[in-house]
Amino acid sequence: GDNGAADNGADNGAAANPEATTLIVGLDNAYPPYGFIGDDGNLTGFDIDLATEVAARNGWNLELEAIDWDAKDALLGQGTINCIWNGFTMEGREGKYAFSKPYMHNEQVVVVKKDSGISKLEDLADKNVMTQADSAALDVLEGDQKALADTFAGGKAQTIGDYNNAFMQLESGAVDAVACDLSIADYQMAAKPDMFVKLEPLSTENYAVGFAKDGDTAMVDAVNKTLKEMYDDGTIAQLCEKWGEYGISIDNWVLVD
Amino acid sequence: MTNAVVTLNHGKKAFGDNEVLKDISLTVNKGDVLAVIGPSGGGKSTLLRCLALLETLNSGDLSYGDLVVCSNNAEGRAVYGDAATIAKAKTRYGLVFQNFNLFPHYTVLQNVTDALICVQKMPKDEALARGRDLLAKMGLADKESMVPCDLSGGQQQRVAIARAMAMNPDVLYFDEPTSALDPELTREVLKVIRDLAAEHMTMVIVTHEMGFARDVADQIIFMDGGVIVEQGPASEVINNPRHDRTRAFLANYDRD
Amino acid sequence: MEFPVMMGILMEGFGLTAQIFVITLVGSLPLGIVVALARMSRFKPLAWLAQLYISILRGTPLMLQLMAIMFGPYYLFGLNMGSDWKFWACAIGFILNYAAYFAEIYRSGIQSIPRGQYEAATVLGYSKAQTFTKIVLPQVIKRILPAMGNEIITLVKDTSLAFVLGIMEMFSAAKALAASEVSMIPYAIAALIYWVFCLVIEFILNRVEKKLDYYHD
Amino acid sequence: MEFPVMMGILMEGFGLTAQIFVITLVGSLPLGIVVALARMSRFKPLAWLAQLYISILRGTPLMLQLMAIMFGPYYLFGLNMGSDWKFWACAIGFILNYAAYFAEIYRSGIQSIPRGQYEAATVLGYSKAQTFTKIVLPQVIKRILPAMGNEIITLVKDTSLAFVLGIMEMFSAAKALAASEVSMIPYAIAALIYWVFCLVIEFILNRVEKKLDYYHD
Amino acid sequence: MTNAVVTLNHGKKAFGDNEVLKDISLTVNKGDVLAVIGPSGGGKSTLLRCLALLETLNSGDLSYGDLVVCSNNAEGRAVYGDAATIAKAKTRYGLVFQNFNLFPHYTVLQNVTDALICVQKMPKDEALARGRDLLAKMGLADKESMVPCDLSGGQQQRVAIARAMAMNPDVLYFDEPTSALDPELTREVLKVIRDLAAEHMTMVIVTHEMGFARDVADQIIFMDGGVIVEQGPASEVINNPRHDRTRAFLANYDRD
């Protein structure tokens, strides 16, 4: 039942040592560029590369679990997965998870169609704006940017299950704007050049790895420590380079000390 | 012939290769009671169904009074009249099915009156009055608001007769009116038919009750293998059959 | 989050759930009859078309059908349907899908009505339309009620698929609440509301069944 | 992504879809009979229990039932069920849920068998169990085939709910592919595979129906 | 009394408040043919069903030969024997239902032999041989692999008789064996029963065919309102009924 990528992870991990700790990463496999199905058919993505390297350096076995986003909290609580590592925004979720140090700077942005005539956030008044249910963008629009969301058609942002669908709604004119992570926006814009433009950021925030609230703090510390090492020895820079075409940049890396 | 209620000339009907009616001609005059007897599979029901326009004849001429329902074209195939003609013909006869085919979801009164109201567009009051009259005549005055499944077989049979009579048909067809009934009920239903005969209702009755056929029918037709083997006054056919096949058939019936 | 707030959100979602449910029934119950009649038509091309329709609509996921209707006009014909289209797409998708399921149920019911009923109606002069609406259909309804019940109760929960179009019916609302609260309670409440709704439907179906019990055949 | 790779992933998902489908049928078809018999039992508490079972399992979303089975042992009893539990939870959830739907179908079928069949068997000395398995059940199966068909075809597509347990059946695979590729093609292929699978099932059901057509009553 | 195949003493049966059998006693001796006649609702079928253990008596004693099936306890309520006794009793009688109740999914041969194989655990070969014998005797040798729905009513009836006979019962019960048949088939089935009588098969027959009752039965019971109004040798009850109610009932039947 496990997919090929999980086996990959185990291969370059410490598969030889059956007693080793296992890092089970829960991820949404429909969330490029952090976790998705690559051209070779295996799970791939920036966060997956990070997790693979972290596990390898700690001598952990790595398992990648593609999960239904709706089941993530139950799975984490039960221990079926150790962490959510999947472009997971920590702002707005503080206190609900034991987070690693933030590692990646992120922005929530609004994407509109190029020919829509919308050029700034104020133009979104009375427009249909869509975002993913249970997403950081939604948190922002219900939090710091609530005043802006109040001006949307319907007085709030609409929600949908996945961003792919949201961008189809945008493209087909069912909605006027999509609020999402910067890298999601870049990925979609790369896939459909000249279709969309970004507006100014809604907010800035950080990605972190989310562990169960009252779980194993040793693992959190190890992740923090290893990510720092990887930054120091240039591994991170390499990975950012590798994923550069999907909008990932070393400039956004924040875990530097 | 001004008296003929229904006339069939050279009627033929086949199901695939099976020729079920082979050149049947008959005329039923006003007030006649015609009994059709014969062995199973002889084509009696098919004949009735062709007369009632439930089956189409392959060839032949069929008229109800002056209304030509179908007649042969140049190639000798029966050609039926237009929808209006067929609709008109349907008001001229009624059919009482062997297993009644009452509408189970309608009350007794609805069974009798619904076609009057919906098809013949009779005012509702008039239709209900007429339905109640007929039910009373059939001894069912107190059953009008019951549904068929709560009636005995004999009562259902009488509702079916009332339903057919309600349309005020010129001729009434019966297919084995008593074969689903027990002897007491049989007696009851035969009495109803005898009463209708006494009122000069024109009827064609497929039956296995020889005693009844002899008593109530003016004419008897004996059918076998799709042809009319013998036809004549009732007592004559039953008591002095001329054909061997008729004799053999009648020998099945205890006449003690 | 306080309980009344949560219930408010769930009940708002339930309003949409109930709307989808009612609109689907109102549309697909009659449409199912039409499809069933087409499926049984003696005009073969029509019958085949209806069979293809039923087979595709039953054989592919409703969620994809909803997406096809939602996005088809744009991606296939470049039409911009506007922001209300999702409600229309939702209604059309559910109605078309359920009509296919209902059609098969109607068909089994219509085929179980004895020939004699048609013949009796013919002899009495009923037109084909009258025979169907007055004689056949009422009897069919009684016969298919249990099978319809199963399907209608499935519909209650299928309404949650409307979320693929961005319609936040109750189940999606519960999902969102569960995620933001990191709690299973919204799910439990949603399950309870569904269950009560289904109990009400079962109660109504039982009532109708009892009511049609005045006769049997 | 190259087409063969995509098909490989979809077919791998389809393997799971087909497994869930088969396991569910193998478990719920017999269990449904047991539930139906309990529901009709003259021992009232058992009948009520069965009715409650049916009403809850039909009245709440299968997705929540799957989650309850998956997470219930841990959250209610602190049991750690291990990593294979999701497959067991999936099988148990689908079987229990479909048994409830099937039970109602069986019940309508069993109730339609005339009393005379039971009486004839009694007089001939058949035991209750023999009467049921040899005389009643074969006749029931013929009668309920169309209703079962509707439900079985629904099951094909319900398998996609297994993803809530992290089981990547075909539909979830298609979803992930659609997101990664920013393309509807994986959905279209999945729909086609579902459709073909349903056609095969319909074909088999038609065959069985024809086979049981050697008699009518 | 060593000859008694079945004995019922003071049998009583009520459905709710409706007392359907009021103190019925009867004995059927080996080789007897007993006809039960009477108006609809008189309790004839209920009597047969009580004898066939399809209904339980409220009070009374019922034995098959030396096997006591039920007897009254101190409070006068019928207490039935244990499962083994009931199972044994069931091998001593056969019942031919009015509407046959053949198993529609079984072939004719399976209908006749399945209970032999499954219930009586007879070796399969033996059971098949016996089934074929019986079918041949009933004139159905060529129908063994057909299903009941492809047979005519009379043929189904004969399969039902063969099925009952296959168990080699001491007594055979018939509930209106011909009421669902047309006259030619009736004649056929009555002949089968006459043949059985000629072979001294013990039988209890509920029937409406007076002529047949008189011909074939040794004894006739006339039941009305849950009691045995009149009982006696066949020709006597039919030709010289002593009770008014019997006379009134028999007057329904044309005896010409």
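Worth a mention:
Going by the order they are written in, the chains are A, B, C, D and E; count residues from 1 in each one.
We take it that a residue touches a chain if its C-beta (ideal position, glycine included) is under 8 Å from a C-beta of that chain, and two chains touch if they have at least 3 such contacts.
Predicted, not measured: the structure shown is a model, and the values here were computed from it.
Note on connectivity: the fewest chain-to-chain touch steps from chain A to chain E number 2. Counting C-beta pairs in contact across B-C and across A-D gives the higher total for A-D. When chain centres are defined as mean Cα coordinates, E lies farthest from chain C. Work out the mean CA point of chain C and of chain E, and you get 52 Å between them.
Chain geometry summary: the mean Cα position of chain A and that of chain C are 38 Å apart.
Computed from the mean C-alpha positions, the centre of chain D lies at a distance of 46 Å from the centre of chain E. Multi-chain contact residues of chain B (touching two or more other chains): none found. Across the assembly, chain D contributes 67, 71, 75, 184 as residues in contact with two or more other chains. Annotation for chain A: residues touching 2 or more other chains are 70, 74, 168.
Touching chain D in their complex are the following residues of chain A: 1, 3, 29-32, 36-41, 65-68, 70-71, 74-75, 77-80, 162-164, 167-168, 187-188, 191-192. By the touch rule above, chain A contacts chain C in their complex via residues 69-70, 72-74, 96, 128, 130, 133-134, 153, 158-161, 165, 168-169, 171-176.
Against chain B, the residues of chain C that register as touching in their complex are 114, 116-117, 119-120, 122-127, 130, 134-135, 138-139, 142, 214-217.
Across the interface of their complex, chain D is touched by residues 55-56, 58-64, 67, 71, 75, 101, 104-105, 108, 146-147, 149-151, 153-154, 156-157, 160, 171, 184, 187, 190-191, 194-195, 197-199, 202 of chain C. Looking at the complex, you find that chain E touches chain D at residues 52-54, 87, 90-91, 93-95, 97, 99, 101-105, 114-115, 118-120, 147-150, 163, 167.
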